[in-house]
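Just below is one structure, and these are the notes that go with it.
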């Protein structure tokens, strides 16, 4: 398989200069540059050679996950005191982007286990929970998972029905069923969101599925995209957990929304990476592949599509960067993130369609990278709030009127 | 899994009336109606329950293929004298459509083995070849395959390089390598297109891979769409075949183009069916699925997308029907077919994107039908001439200028 | 200016054969063919030479309107007993299409005065009203107008506020203000929709603005599209009309909706014609215009766009034809018409955008036909129900849930 | 008419905070902020109240042009030594953006007269020419024009045919015909591009049409967009000019391309402003306009469209800003500018379509701002290199293969 083609970002963003140490020199700090370069190297060499086969066979990329842990990016923004990489939010975004450029699944695993779960524990967990979980998670010795979605609570996430009943004696009983939970089948710890059976308040628990009776996880099969990340259904049937497992920082659903907002900033980088990787692969392909005696790249319609991808990539990267910097500064809001996430996936989907078609038949093969990335984009478009829901959340902020819940 | 949802085509096309015997009463003959109804029933009950699993595991649907043979549609337009169903071209198109509505792969298998291969033998084969192959093929006791594409000859199909060398004594030697050949791994007979090693003339042979030394077929793995149809690479290394295997009707590449033109008319029906199936599944889903206390169908953006699908389906069906009737009458040309095929796949792709997103996360599952159909549409968009190449073939006809081969 | 370029519809629809008498021979009756040919000839020669200048100066095309009356198409489907052309609905649709092909405004004038107004009188008027108005209208000696929309009642047309107060003695007083009313500034008779001041029931009156005190009409200025048709604001300030002016057939708002449904079938043909005219002009242009030493038509991206227009035109025409035939037979419903109208304008808008750009700078000139047609398409997209409202009306029919009125 | 609605850019870009002095505080210098604020105030109050009427009547906005001169932005980047505002390139871009936000035509006048013409003289003119023209131009006491395009040389601009024949005695004779030349009918000085009649070399002359025999200018009529800027045809029939009129810096066509590259950077800001103005007007409109008893803004499809506009505006602004900063630093290339210009107009066109439809019927009126802006976007999409040509120029840079000139 060789190496993933070099990035062709070019001068507008500041990259692509051979031998240059830092890609977007004036947009990034030097630490951000270094982290990015390290992850890129790892992806282009190690991840690329295994990703398609893992994807095709729907296998969790354990070795790649561990290898990534060795690069000093574990836990994203988690402070080093807890074993985290202590990255800036842009830094963590760049990791997501570089991973997604070569493998959408590995990026999703990192986004959940490396960013969302750790950030939830950092922001809402007890000191004991931080000590117990963060170091292992940040070293990529374990994998974390984060369970909100249920069969009946998808877009309407706040409609979750899993119940936490206080049993007295510092014990809670969990009953319910989660669905679509990324990493759940391979996770050591899962953040389970539930409602207090009496008050209806939102609660969260750090549950260890392996050692908790009444918890079982079933791997979901038959995904057409992001096949390497393992999604699970979680069955909670009278599962008993201790009070120590409860995240004390969680007071209401707003706390779930709060960590999801930051997570959505991270997700925004994923389509950027996926699209850039598609562009890099397509550009190389159309320059090398001959038909009618000339490279595909000599064709107007091919150049047209390529340039549309390229311009999209530029705009997407700038949007993600700007959102994240403003978020770091406390200037960007949740709705800014939902709008960014939605828009970036819209453009990403356009790039994915183009990339798919530019490889012709080979674009249907996971092994061409393009078939895989095309399908992976769909997951980005849908998770952490679908395209439409995210637009409507932003729409509410800017019009002052909620249109999310339809009349009937 | 139950039954595939009933078709919701509605009054514009003439269908959807419960208990009605014929769907598009004034657009179809009664024989066409009957064939269509039979295939639909088979698909909604038998095909649907197995298709997703076969797809996920990339398995040739042998039993479904044989069952289809029992419905009297084998061989499409092949005359009954040769065991064929003797369908009108519209009739054969409807079979492709109904199959694609429930399973894109089975439609592709039929389109190749039931229409393209048989039609090639009918039009270009010797009487002996017709006798030898057609009855078996039309009864779906065997599967046929049709091999033009090569690694270096994709869009530039006429640039094929496989060579047929006359060895004297009524023997030919075949050397070359085919790629992407649908059904090849399970085929009893493969139509192999080649060039005369001396004259360069186009030739075709009916090759039996199982009993011909020097022919080997390797199944292609890792497809993201049309996973149930088996695509193969064919290695021809000094394979020796008899003169009797040569199709005597083939005089030049125009003969390949001729059978492909009719085949493209058939392909035009596939995205129509796929899109209609997506619509049927989505309509049922959004009426049943509740979020925020109401069915998804109560949402404006959901209705918007649904209606766009519906209107596309109407237009696509009318276009396919009109093209095919005109083609039957000798009034539609090859470029009419390329334009129709291209346009119908463009709209089909739009329907597939919408369908995918309307199911949210479930739209990523093959088992929801939608994830599978979404990915299958990509193959239709690309095979039998990519979208762009088909547009350019039509463009040449209507401007009088060929823009296909770029300058360099 | 010469003659408008010949239609390039081609074999799929059945037209374009030089010397052929009938365009879509097997889709149309011979009377429909003849009417169509007559209108086309008139448009290509007479209308074309004047349309751009009338448009630029926003002048009602009086002479062209009268000339059209001489072609035997006046009143569309109005029976000959009342001086009407007695066309089939498809026949009247074809007239709208041929007019729109060369001039969007003239088509709009005909659609309102020739179809909607006359049909309203035929369906809902008294025998005396039929006698009084239809012959003049059908001969194009007068122009009719049809006033439903108000400043506060646009998409929410049934929210009209114009009041009709019974004064006793067979008199009614009308108060209110209409807006956007096509032909109003030049009309002899205007159908005014109002509510009964006491019961709230919907009523309609045939009002003669020239001779009715309390009625004044102000021409709306500054339109960017359909500039030649005169739109007016109508001020009804204590206007007194006789009971004889009331349309006795009007019982409720459903009667307005009923005539609008048929009218929407007519409107469906307008984008078809506009798009076909754009294609015809563009095809000629790109074959003639040289840049870089070759015709524009030699470019891949130009051919690509052209073929997309062409395929759209095919699909749009088939859709309009099918809708109208089914409507004639009582098989197509109001929502079938709204969906058709919406979809055809969506594709029409795409054709208009392409056409505009294919002429480069000249595409910004009304005189190139393309600039004018581009802007005209917007009106079609918006009137007789906007794109979105029409989709939602269809959505209600197919989901069983109304999403039109948002929650708040 | 009141005042143009306040900008709703919001926090992502850094603006929209009431009372804030600087809009994008961390992206702009404080001088850039001040210039921007000044121009915005002028546009929202002075320009807005007159623009629609000037547009409808196709009148050069003389008073507005002079008023703009008083704001200290004349000549864009022209050094103050020559009376110019000495803006940064971003600063000049912001002026173009703010003007376009309220009036596309005034922005075009400034872009040509204030940026392209002055920059051409600064870069390629003699010291005497700079002295003679720049002060007047920068004070907006005169208007400049820049004439490259010809009837036969549009996209193929380097194919210009206007001839400059040396007559001896320091005289040149100019023969040819220019077309589409912005400001020409009102210009004191026009930069005329020509070829040396003997050597074929590219030359440019500063021609004063009012006082040069053999030069006449005819205003082009019937534009559907940018109606207030006057475009002219220039007839050069044996026009005699002195050697002093020749721009000595022009050595080859590359010099025209060089000033056009910078100009294209300026043009990139125009769709950004146009789109932002559309968004601001639409947002206000949908919050105020009631239908069905609720504001339009309560509708999901309306919010959907609004948010798509908003996200586009964010991305477009970031792209324009980044391109321009990189261009200032010598890091962005000509092809970066063509790609940016093309992409930004593509997204701009999408915003314009949405804006047009969100106002319903009123969106067809120039006076609603939206009708005008919708039509103006088309000109931006086409001038300074059409969308397609600009993509192909970028495509050449990134693939290494020129696909511009088609084979034939």
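Labels A, B, C and D are assigned to the chains in the order they are written; within every chain, residues are numbered from 1.
What we mean here is this: a contact is a pair of C-beta atoms (placed from the backbone, for glycine too) under 8 Å apart; a residue touches a chain by one contact, two chains touch by 3 or more.
All values reported here derive from a predicted model rather than from experimental measurement.
**Q** Can you check whether chain C and chain D touch via the same residue numbers (shared by over half) or via different ones?
**A** On the two sides of the chain D and chain C interface, the residue numbers are mostly the same, over half being shared.
**Q** Farthest chain from chain C, comparing Cα centres?
**A** Chain centre farthest from chain C's centre: A.
**Q** In terms of C-beta pairs in contact, which of A-D and A-C ranks higher?
**A** Between A-D and A-C, the larger count of C-beta pairs in contact belongs to A-D.
**Q** Between chain A and chain C, what is the gap in Å from one C-alpha centre to the other?
**A** 51
**Q** Using mean CA coordinates as chain centres, what's the gap between chain C and chain D in Å?
**A** Roughly 37 Å separates the two chain centres.
**Q** Roughly how far is chain A from chain D, going centre to centre by Cα mean, in whole Å?
**A** 41
**Q** Which chain A residues sit where two or more other chains touch them?
**A** 295, 298-302, 304, 388, 392, 401, 403, 405-408
**Q** What residues of chain B sit close enough to touch chain D in their complex?
**A** 299-301, 304, 401, 403, 405-408
**Q** Within their complex, state which residues of chain C touch chain D.
**A** 52, 56, 149, 152, 154-156, 159, 179-180, 220-226, 290-295, 298-302, 349, 353, 356-357, 360-361, 363-367, 371-372, 374-375, 378-379, 381-383, 386-388, 392, 403-408
**Q** In the complex formed with chain B, which residues of chain C make contact?
**A** Interface residues on chain C, with respect to chain B: 8, 10-14, 283, 286-287, 295, 297-300, 302-304, 306-308, 310-312, 314-316, 318-319, 322-323, 326, 331-333, 336, 339-340, 342-343, 346, 388, 391-392, 394-396, 398-401, 403, 406.
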